[in-house]
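Got a structure here, written out as structure tokens. Questions coming.
Every chain is named by a letter (A, B, C and D) in the order it is written, and numbering of its residues begins at 1.
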Amino acid sequence: MAAYMIFVARRFGQLLLVVFLGISATFFISHMTPVDPVAESITAITNFGKSDPEAIDLMRKTLTELYGLQGNLFEQYVTFWSRLIRGDLGPSLSAFPTPVSQIIFRALPWTVGLMISATLISFLLGNTLGALAGYYRKSRILKIVSLGLIGLQPIPYYVLAFILLILFGFVWPVLPITGGYEMNADLTLSFTLVLDILRHSILPAMALVLVGAGSWLTGMRALTSNIVTEDYVTFAELGGVGSTRILRSYVVRNAMVPQLTGLAMSLGAIFNGTVITEIVFGYPGIGTLLINAVHAGDYSLVLGLASLSIIGVAIAVFLIDILSPLLDPRIKAE
Amino acid sequence: MFTIIRDLIRYNIEFAIGLAILLLLIGAVILSFFSPYPASDIYVVAPDIPPDAEFWLGTTSRGQDNFWQLMIALRNTLAFGLGVAFLSRILSLVVGLTAGYAGGRVDRVLMAINDSVMVIPHFPILVLFYFVLKDDMSWLMLVLILSALGWSYDARLIRSIAMSLRTRPFTTQSVYSGMSMRKILVEEHLPYVMPIVFATTMNNMIWSIGMEITLSVLGFTDVDTPTMGQMIYWANSHSALISGIWWWVAAPVVAIIVLFIGLFLLSMSMNEYIDPRSRLNRMGS
Amino acid sequence: MQTEALLHTPPDTTSEPTLVVDRLKAYYTTKAFGIDRDIRAVDDISLTVAKGEIYGVAGESSSGKTSLIKTIVGAIRPPLHVVGGTVRFNFGGQNYDIYDLKPDQLQAIRWRHLSYIMQGSMNVLNPVRRIKHSFYDFAYAHMGLDRATFWNTVRDHLRRLDLDPGVLESYPHQLSGGMRQRTTIALATVCTPEFIVADEPTTALDVIVQRDVLAMLRDIQRDLGSSFLFVTHDMSVHATVSDRVGIVYAGRLVEEADTPTLFRGARHPYTQHLVASLPKIGDTTRRASLSGRPPSLADPPSGCRFHPRCPLAMDICSKEVPPMVNLAPRHRVACFAVSGATS
Amino acid sequence: MRLWRTFLAGAALAVLASTAQAQDISNLPRKETVIIENPEGTVKNPGWFNIWVNGGGGLSTGLQQLTMDTLWYIDPDQGINGPWYNSLAAEKPIYNEDFSEMTVKLRKGMYWSDGVEFTADDVVYTVQTQIDHPGMVWSPLLAVSVDSIKATDPYTVVFKLKKPNSRFHALFTVRWNAIWIMPKHVFEKVEDPLKFDFANPISISAYKLKNYDPQGKWYIWEKREDWQRTPLGLIGEPGPKYAAYVDGGPPATKTIAQLKHELDIIHDNTPEGMFTLVEQSKSLATWFKGFPYAHPDPTLPAVIFNTQKAPFDNADVRWALALLIDIKAVDLASYRGAATLSAIGVPPTGVAMPTYQAPMQEWLKNFELDTGKSKIKPYDPTIPSQIADMLRKQPKFKDQIPTDQAAIDSQFGYGWWKPNPKAAGELLERAGFKKSGNQWLQPDGQPFRIRLTVEGDSRSVFTRAGTLITQQWKQFGIDAKAQPTTNPWQPMQAGDFDAAIAWSVETWGGDADMSFFLDSWHSSFVAKPGEVQPARNWQRWSSPELDKIIEGIRGISFDDPKGVDYGMDYLKLVVKEMPTIPRMSYNVFASMDTTYWTGYPTFPDDPYTDPVPNWGNSRLMMVKLRPTQP
């Protein structure tokens, strides 16, 4: 137990380091921007309406004060951290004075939902097929399916999502290609709503699964073919252990450890994919928000989104890391 | 080296296909220098002509010959991928070899940084860079930024090899004979990790080109340098799909898929060459 | 020391042998990167093991010992495949041709009748699961007992072998090498099988532990009366354990005899070399080492495979394969120099 | 086999899900609902309805079109009862002699949607609250001009101004938007109006909020039961019971949606998207029935020079660059020919066509440019006809192109400058430039280098035009390159640009008064180099002559006919000086589907308003729309 606690503590240290480095980098990069949120805000206000040059000067002064942009970079950095620790990401500049956190948390469930469900599906699908393909090397169906998924795997998320959009939006328009649910949907939980949300998430999820499953499949297939040559598998076979049991308790159980580590390491990439897919399909979530924020020069929102992505991904990685000893008892002994 | 390639072609169908695709692409790159039109000039031919004998891939709504655009875009995209791969390989070699050889505190510090870079989601960071650089986000700048993000995974791989090399007798011998660390790493260890470096190059290119395409299509890159992503970007901004100019979208999309499958096959077969364990596995199938 | 070998139940040579191997050939076939070749790991081997007998297989490493036993127990996985010959077991009067059995029939024989002890390595037991799961997976279905009785039987078996039943709750990596190997042996013998194949069971262990394990194996043999196919390169172990020893060189059986006969009157030059290289107390003369290296199985020498290294080599040795000749009852050898050249 | 079962189950789920029809969940009677694209797309802070604070909520979600109102409207086109109409005001503004005081008579019997009557108190509150809270959107505008405001009776408001201003009423006159009136009885209960989200927005117009998407993709408004008690209701009964403003997605997506009759009004499209609709939709209505279909907004895209930066401070250089532009190619490249050209500094649309464009023709034809070596007449009135001829040759558009000269004039414009590289060279030489090899050198010997800032993503037609213009300059030997940015206003405000494609001319559209944009071109507003330039004189150009014209306009009333004469003087001045190169109308490819609704504004049959639906003025459509199906 003590060994495990040390292990967890070390991983936690790594988590803190990742978060600290990532967010600091994000902070300084974002504050190097030439974009002046005040100017952006003024543009937004005066783009269509009247504008008196004198009035604009006045507006500039007021907004600078209001947005709290005074103080040098280091002071702002300290303020940022002291607020972040309290869970406060400050007010959004393009949606002043609404807190950034409020805007992000409105979109976040969609991103998290899409990411988790797509990751689970592709992880399970890819690993199941990979294990089967690695174990039953002669099955033709498995070979064809694997080949298809492996072929899709290197294609960038954007391109695949785009192709799906063309196929199911234009060529054979059967699935909704934008939004998370129908217009004027009654958002109280109901069967119709769930069905509607499912229907809208088919294409984005499909894009993520098709790209994701292939890489799990290749990894798992290779692992499986290596593991079947291990002594304990041979021994179990000689021991007359049934092949289903060997596959499940010997091959897959042992392959799960590196695959989970792989999952932890690729979460960042999966997150990228989710965000990109959201943008392609106009799916609600932080992807569209991120693009909006960039265009509006809202660096508090951009910073909030980037920080939260880093924290979120890092925590997920941490959780997977500290769970892996449960799968492989050897890890904590290291 | 030559015999290895010959054997690979003869006995590894994946490698053969991958190589064929690569040669095709190199052909395209060479061809692109003979383009009759400057790369970014528009309205040099009649727009919207479907593929025919004169214009093999048709013309775009911007009045460009789709074929030559594709050739030039392939060149730029490949150059981009190679550029990122080259720079990030150097980074991962330096970090990986140093960490693996030095061990101890150096290793821990380097790997902590390495793991941080590995875990941080890249897309928001790239968007952030665009947010900061805006119009200065040139093609070259993107190469630099992606290089700075794309080395960590492979550095870890190289480190693990370097760690095993450290315990080999020849390293000890070199140390006793008074070779400097830099010399040991460059002259003794580097040759051992080169095959891995080549294999990871392909994967790195798949990653960086994918990122470039995504950013381009979203309009976050320099529109003056025609790349595969730029082609889709322009086609999108001219609603090519719904106005029936399908060849403008199809050409880059098909080319991208072929390119990626080619790179993927090469990386896979090279991996097999390097790792005999997976080669052995092929025998059974 | 050699007398110890006789302490166990003597083999029953009168009833039908438990194992009959007839002209067995098994090759590794590889097709990769320009090299299309067969590795003749098992080349025309015949042998029998009587009921209750400990049959030792000896030979240098990579001489094909492991391939031989893999082929015998039917653990054939590409690229290894059987080219010819048969392997027949006799369990309780019933014959089983191992290559004719359907997978489920084969599975039913395993562990109940035919058990296996692997070379003691880190990875013989599933590293991510507790040892009790291995016992359950391997033995439960074969024993046909209810759960409670099954676990009692397992615990009794462990205690009989002087193992604490607490090991059941451990993970393999928590045990020492010796403990792990003893546990593995317990696992292999829990179903009281008639035939046990032991592949270098003591090789990875240090000398003290080795003695314990060997003693344990002997005890088991005495209690169960099982037949053993005991494979090790270590001639001193054979001297201690085996009733009869077969010497394998480059995929072929070159000599076979009862252990005392073999150690006192080996005829094949290779066997003589093996026996001579055993250390003897008080002997300070240098051991004559054999020139050359063991041959590559991919490209073996023609004729007698030993001829390039053989001090007695004759012309014929490089041209023809020497046949196996019975020198005495239960003593066979394949060597022209011994049996006399016939051309 | 188990694998296939999983796949089958997945497929079954997909089929099941796709049979769940859209209508099941949307609950909106389609025949009573008009679905309109909101170009803001996905709204960042969807629950924010406080339009008086820039809080990230949407403006054109229907909020300003259907629930807001203010004193007056000027329609960018003809309007229903003329371009000018009184909305919450009962009559036109009444100024005192020296324009330092404005009195407004308000309508009686207008009610907020919660049943409270609209009175002068609301107007006073709107002005006073904004002055008191500097963070509010119109606060600075009001603070710099209003000295005091009071209600003399419940239906009369008197503004005392800090300095004479003959156009003060423009702040309360809707062109796209204006200062909207706040409901006093709601806001006065709020502690800090800057932090108030105005959820459940109270409406003073004919619609009120029904529902909105918490993710910001759609807003649905419902016709008020008491719609008669609103200014819009006075014009007529709104047809649609529900109006939905939605995120239409990228051009391809919204085009498909309209082809499937799921989107009644598209705000803007790519030219190609519009052509696809024309080709494939049997129920399409567009502003122009034929080419170029689009509505020309009263906004004038031009090549804007930074005249504080050498050599763009020299009119010869600016003219030379204008003479190097082949507008036909630019037109074809950017709008595929679907644009209305304008050679002069006023958008070729609305009242400007008869008031300025047509009368200027004679002067333009005779306009002579002295290059120092030769005198040329650069104007070519045949260019629009040439473009029409070229388009007519394309089978796709053949029948859509008018042959009648009047139609060509209104749809393709009156004319533009003829490319004249020789004259351009002469002008550059007079400016001290030299040609060395294939490269023009500036007087200081440096290569002539131009970076043309264009708006990258959101206005792709501008990027296309910029790319082609720089290509033409490059062919002449100038190191020119288009530089896309997301927000061109940023470098323009900072003065950090050579030239840009954007606009610095915006007019009322329905009114000939130029002061809307021209006032801000006065020399007193031009920032020093390196300082921030306030809107809209992005070219940072001024001249004593122009100041005289602007001061003249300030001195007369907004409906004084002399205003047009000043306008003519301005137009002639900017032709000579060429501070910006006007190109063509800002064409908005708004398209309307007639499957469910008819009565959309079209030219020339019934150009009653701008169909571009994010304009506050577009609310007139509600009154005119009638169901197509019974």
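Remarks
Note that a contact is a pair of C-beta atoms (placed from the backbone, for glycine too) under 8 Å apart; a residue touches a chain by one contact, two chains touch by 3 or more.
Everything quoted here is computed from the prediction, not taken from an experiment.
Chains touching both chain A and chain D: B.
Centrality by Cα centroid goes to chain A.
Across A-B and B-D, it is A-B that has more C-beta pairs touching. Averaged C-alpha coordinates give centres for chain C and chain D that are 91 Å from one another. Rounded to whole angstrom units, the spacing between the C-alpha centres of chain B and chain C is 52. One inter-chain figure worth recording: chain A and chain B are separated by 23 Å, centre to centre, where each centre is the mean of the chain's CA atoms. For the pair chain B and chain D, the distance between C-alpha centroids works out to 44 Å. Residue numbers of chain C whose C-beta contacts span two or more other chains: 77. For chain D, residues that reach two or more other chains under the stated contact definition are 250, 252, 256, 486.
With touch defined as above, residues shared between interfaces to two or more other chains in chain B number as follows: 134, 241-242, 284. The residues of chain A lying in touch with chain C in their complex are 228-232, 234-242, 245, 249-250, 253-254, 257, 327-330, 333. Within the complex formed with chain A, the residues of chain C that make contact are 73, 75, 77, 106-112, 115-116, 118-119, 121, 123-129, 133-134, 137-139, 141-142, 171, 173, 187. For chain B in complex with chain A, the residues that touch the partner chain are 112-113, 115-116, 118-125, 127-132, 134, 153, 206, 209-211, 213-214, 217-218, 232, 241-242, 249, 253, 256-257, 260-261, 263-264, 277-278, 281, 284-285. The part of chain D that touches chain A in the complex is made up of residues 3-4, 13-14, 16-18, 20, 22, 24-28, 35, 41-42, 44-46, 48, 53-57, 134-135, 137-141, 143-145, 170-171, 176-178, 194-195, 197, 211, 213-215, 217-218, 220, 244, 246-247, 249-250, 252-253, 256, 260, 458, 486-487, 489-490, 493-494, 516, 520, 525, 532, 534-536. On the chain D side of its complex with chain B, the touching residues are 250-252, 255-256, 269-270, 272-273, 275-276, 329, 332-333, 336, 456-457, 460, 463-464, 467-468, 471, 481-486.
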